[in-house]
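In the two assemblies presented below, chain A is common to both, partnered first by chain B and then by chain C.
And then the complex of A and B:
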């Protein structure tokens, strides 16, 4: 009955405790650093939108020790035609993702159902090709038909991003639907169109939502197509904000308020529909 | 013959027909038109006279255009740097995330997601404020943390001017790209890790493998195909990065951050040199497509 018999396990237990503590600190320390790296720029945008221009350039920077003001937002909404730009962005993003679904869903179903590999490659290559390759000829074409600065030209150009994406998300989705289900509906006398509308689409809603949300966000965020094809009448918010830097003496408060205005809806949608967004972004990359 | 039967037999072309028409009209035709234009000297600034010049534009691009070759170099520099960091960091974060369950994981994931979904123009704005040499928070942190001396020793960022200094503009833009797109790699790899079977890990534990051995001998080989796809998706987008570069620097100062995409854009919509720009577009198109196909090919080779 020596005391050593108890002491030894106890000391290893203590060292195990320290080792675990150190790993925990290292592990969560790294996680916290990563999270903060990705969080801070967005937080900085929100905080500075609520500061006065003087507070923004003050050093050392004020983090939470200032009285928030809505002045910047008031300036942005009063001095610029901002509501019109938001309306334009909504019409174009809504129109292009709706059209993307109408065109893309049947195409994706057909690719999955009839194994149309070549069609799939055609549509998906456009996901790889630089958008600017289409932008110049489209600009020339739209200029010829006097369609520059119309909703139609912007919706059609944004569809170049949205449609391939929707197909990209939906093909694996439709492929995962058991063939028995389709066959059963066919036996019950449904033709392929009513099968698609009454059976396939309802059970594919998660995929449809994913494709719709993401193509809406991509269009809402789109800058390159809009800056070329949009002008006074159809200017979207990203273009308006960009012009804001070009023309005004840099007003950081106004810029941050404008940046918050355009990003906030996207962030809210992203958080609310996180599951779908992640599924859409990782679609096609992970098997299984 | 019932109408339903007719539908059934013809659905294979009716279903995708609208998409096909769209692709023909807004992708294939414009592409063909661009190739045609690339053999002409069409320029809005030279009036309406359009001459057929054969391969002259292409010859000029490859033999006489220093600005083009500069853009090629910068595209490779930007993409190489961004990809190296994003893939490494992305995989590390994913593995770290997958290793344990902890409270707040969902919140952390939301934050990663927000970085990549936030509107690029807005992201560019806030980074411009962060990089601002006199009032920006980055220089404040650099000075307050005592990193200044170390950074000043490295010629590239000696002046701490970030995007307004030609020596440091590309690494600074890459930092923004890393911030924006590392989460994509992480999310894809996290999803991939979730599908791995647990068995190899259990036997490795029994055999007393160290965490490092487990990572390099088991996790990494099993997850390699997923990392490959994630990297390929990222590479394709990285080569054509436009928004943050154009908003933050417009290719400047001078031409020092002008990548291929920015250069083609300027040639098209700044100079309205449609013929020459079309030739550039064809070259850029082939370049991006070639790189993607090459990588896809090698990846398939590795997997088999």
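And then the complex of A and C:
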């Protein structure tokens, strides 16, 4: 480095340029790798849903150079009666998240309000225990009551997934609500129920929406409880995909089209509500 | 409008933690009573017991001639203003104020009338349709007060309502709440840790410490006749000066002597001090009674050097120390322009007729205390008499 006054700033400027470039490359590189890893299967699914059976198994695979066909989707809705399965899934996922909210919100509120930490841990444990542990007892129980293949049994079993989650999201949310607000409502003339309905719930809407949506998605995606407890009348979409796997052959195109069909609503819900959901999930942590 | 009576009210938390013990207070109809004390003294707990938000462990609480121990807050006909405002964030200012009335199923026309009226009193008409988050701290506090006003309650409760506001706003709201009291002529109970608020707002002040009521009385009574060392030090700004001393008979005279000073007890204090249980006393001197000694004065002199001078314009607060390390803080309030500088040696002469004396062991005032005082000091006074 010379003693020249102009030389030094220029060289630091250049090194800063390189440093920034390398940082950016690393930064975006990581993101690209991650996104590639997560999105490639999705992309593969979308593309194959638009191919004929022959094109799917063709080697070397055609990536974009094929003529898209809607045949698979027609198959999904016409010959497979997928509308019925979607209806079933909506009833079960909707019902179980609604019931989960009805039961979980007051439960979470009382855990937060009366500091029932032990109860909270108990609920967390039921969330962590693998679902398959509950499956056999549930099946025996529902068979005893002749409830296998009913909406009720599926909604109740899906509660095991959604309810603890809702409680777990809502407890920190309710804890972050200042106690004075509840006191103010009591002085204003509310009892604990009207305080909950008129003050606590409206304030906690981001959390309620988050809990509800995620519980709906968990239930929508749930395969295990449905494959055991559902049969022809109440079959849900993840189970219905199995219709495309026959004894002798697998209809890859139909399978992919069905997968796309059940993924799309979840994808749309997630994209539309992601801001809300992230706010809901972090609210308790950040507000303090 | 109502009279509130606390009879032997106690609050004990789990694990035998006593928050309030044997509180006896009578709050007359239309009175403005301030509970004041350092944090953790039980003043907020007492207020919350009056509100019904906190259960009363023992004792009786009477509001307007009705025993309310087991009556829930909503049926006590009280309204409360909280320190952090506690406005409902999802409702507009209007709905915040109307909420208590809606819960009570009051007709819409009546609600509207009352809300508009309260908004006018508090000059918040322009904000009625805003949400609380779009308001400044001062505006939010007005809404919180408005929410109390519309309810037209028997008793208003204020729990440190001004401590979240900045200094200027606090002074402004202080006078507004005082005006409101004049206007509404309601019973108001106000809790604060700020003795200036207590002095300026209260008709009557209740000083608390460690869950025990120390003294109850008008602001000037507490200022002039504090019942013990704690009240004397807590009430007044700048605070009272305290000197450790010992009483000694010297012929006809009674001397109060300490490190570097020998005061002659004034005649009006003689009788009371001769009955003092111990010779060790704490001498309390208000800053405005710390005069500058005349050149030729020999008695009642206290020498110190100036450490800090606060010029406030109309008066000056001069901080002094008798110790080389400046750790002592004696304060004099000087009303005239004085011309002293930091480091100056100064000869002080307390106004001996207005000095207070406290027992060094118990902290009780040795000069007779006028007005209602707490039970224990009354008992000891009787025992001595």
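In the analysis below, the second predicted complex is superposed on the first by the 243 of 288 C-alpha atoms of A that agree within 3 Å, B and C clash if a C-alpha of one lies under 4 Å from a C-alpha of the other, contacts with A are read in each partner's own complex, and residues count from 1 in each chain.
By our rule, a contact is a pair of C-beta atoms (placed from the backbone, for glycine too) under 8 Å apart; a residue touches a chain by one contact, two chains touch by 3 or more.
Please read these numbers as outputs of a predicted model, since none were measured by experiment.
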So, after the overlay on chain A, do chain B and chain C clash or fit? They fit
* Asked: When the two structures are overlaid on chain A, which partner does A:213 contact: first (chain B), second (chain C), both, or neither?
  -> neither
Considering only touches as defined above, state whether A:202 meets chain B (first), chain C (second), both or neither.
second
- Query: Which holds for A:241: it touches chain B only (first), chain C only (second), both, or neither?
  - Reply: first
Ask   = Can A:47 be said to touch chain B (first), chain C (second), both, or neither?
value = neither
- Task: Examine A:191 and indicate which partner it touches, taking first as chain B and second as chain C; both and neither are also allowed.
- Result: both
Larger residue footprint on chain A, choosing between chain B and chain C, goes to B
Review point. Now for A:154: first (chain B), second (chain C), both, or neither, which partner does it touch?
Key: neither
To the nearest 10 degrees, chain B and chain C lie apart, as seen from the C-alpha centre of chain A, by 100
Across the superposed arrangement, the tightest C-alpha approach of chain B to chain C, in Å, is 5
The intersection of the chain A residues contacting chain B with those contacting chain C is 189, 191
Chain B partner, complex, touching residues on chain A are 27-28, 30-31, 34-35, 37-39, 41-42, 44-45, 48, 56-61, 102-104, 106-107, 109-111, 113-114, 116, 119, 122-123, 125-141, 156-157, 159-160, 163, 167, 189, 191-193, 196, 217, 220-221, 223-224, 228, 237-238, 241-242, 245, 252, 255-256, 258-260, 262-263, 266-267, 270-271, 274, 277-278, 281-282, 284-288
Touching chain C in the complex, chain A uses residues 178, 180-181, 183-191, 194, 198-199, 202-203, 205
Seen from chain B, its contact residues with chain A in the complex are 3-5, 7-8, 11-12, 14-16, 18-20, 22-23, 26-27, 29-31, 33-34, 37, 93, 96-97, 99-100, 102, 106, 108-123, 125-127, 129-130, 134-135, 137, 140, 144, 179, 182-184, 187-188, 191-192, 195, 226, 229-230, 233, 236, 239-240, 242-243, 246-247, 261, 264-265, 268-269, 274, 277-278, 281-282, 284-285, 288-289, 292
Per the touch rule above, chain C residues touching chain A in the complex are 48, 51-53, 72-74, 78-80, 82-84, 86-90, 99-100, 103-104, 147, 151
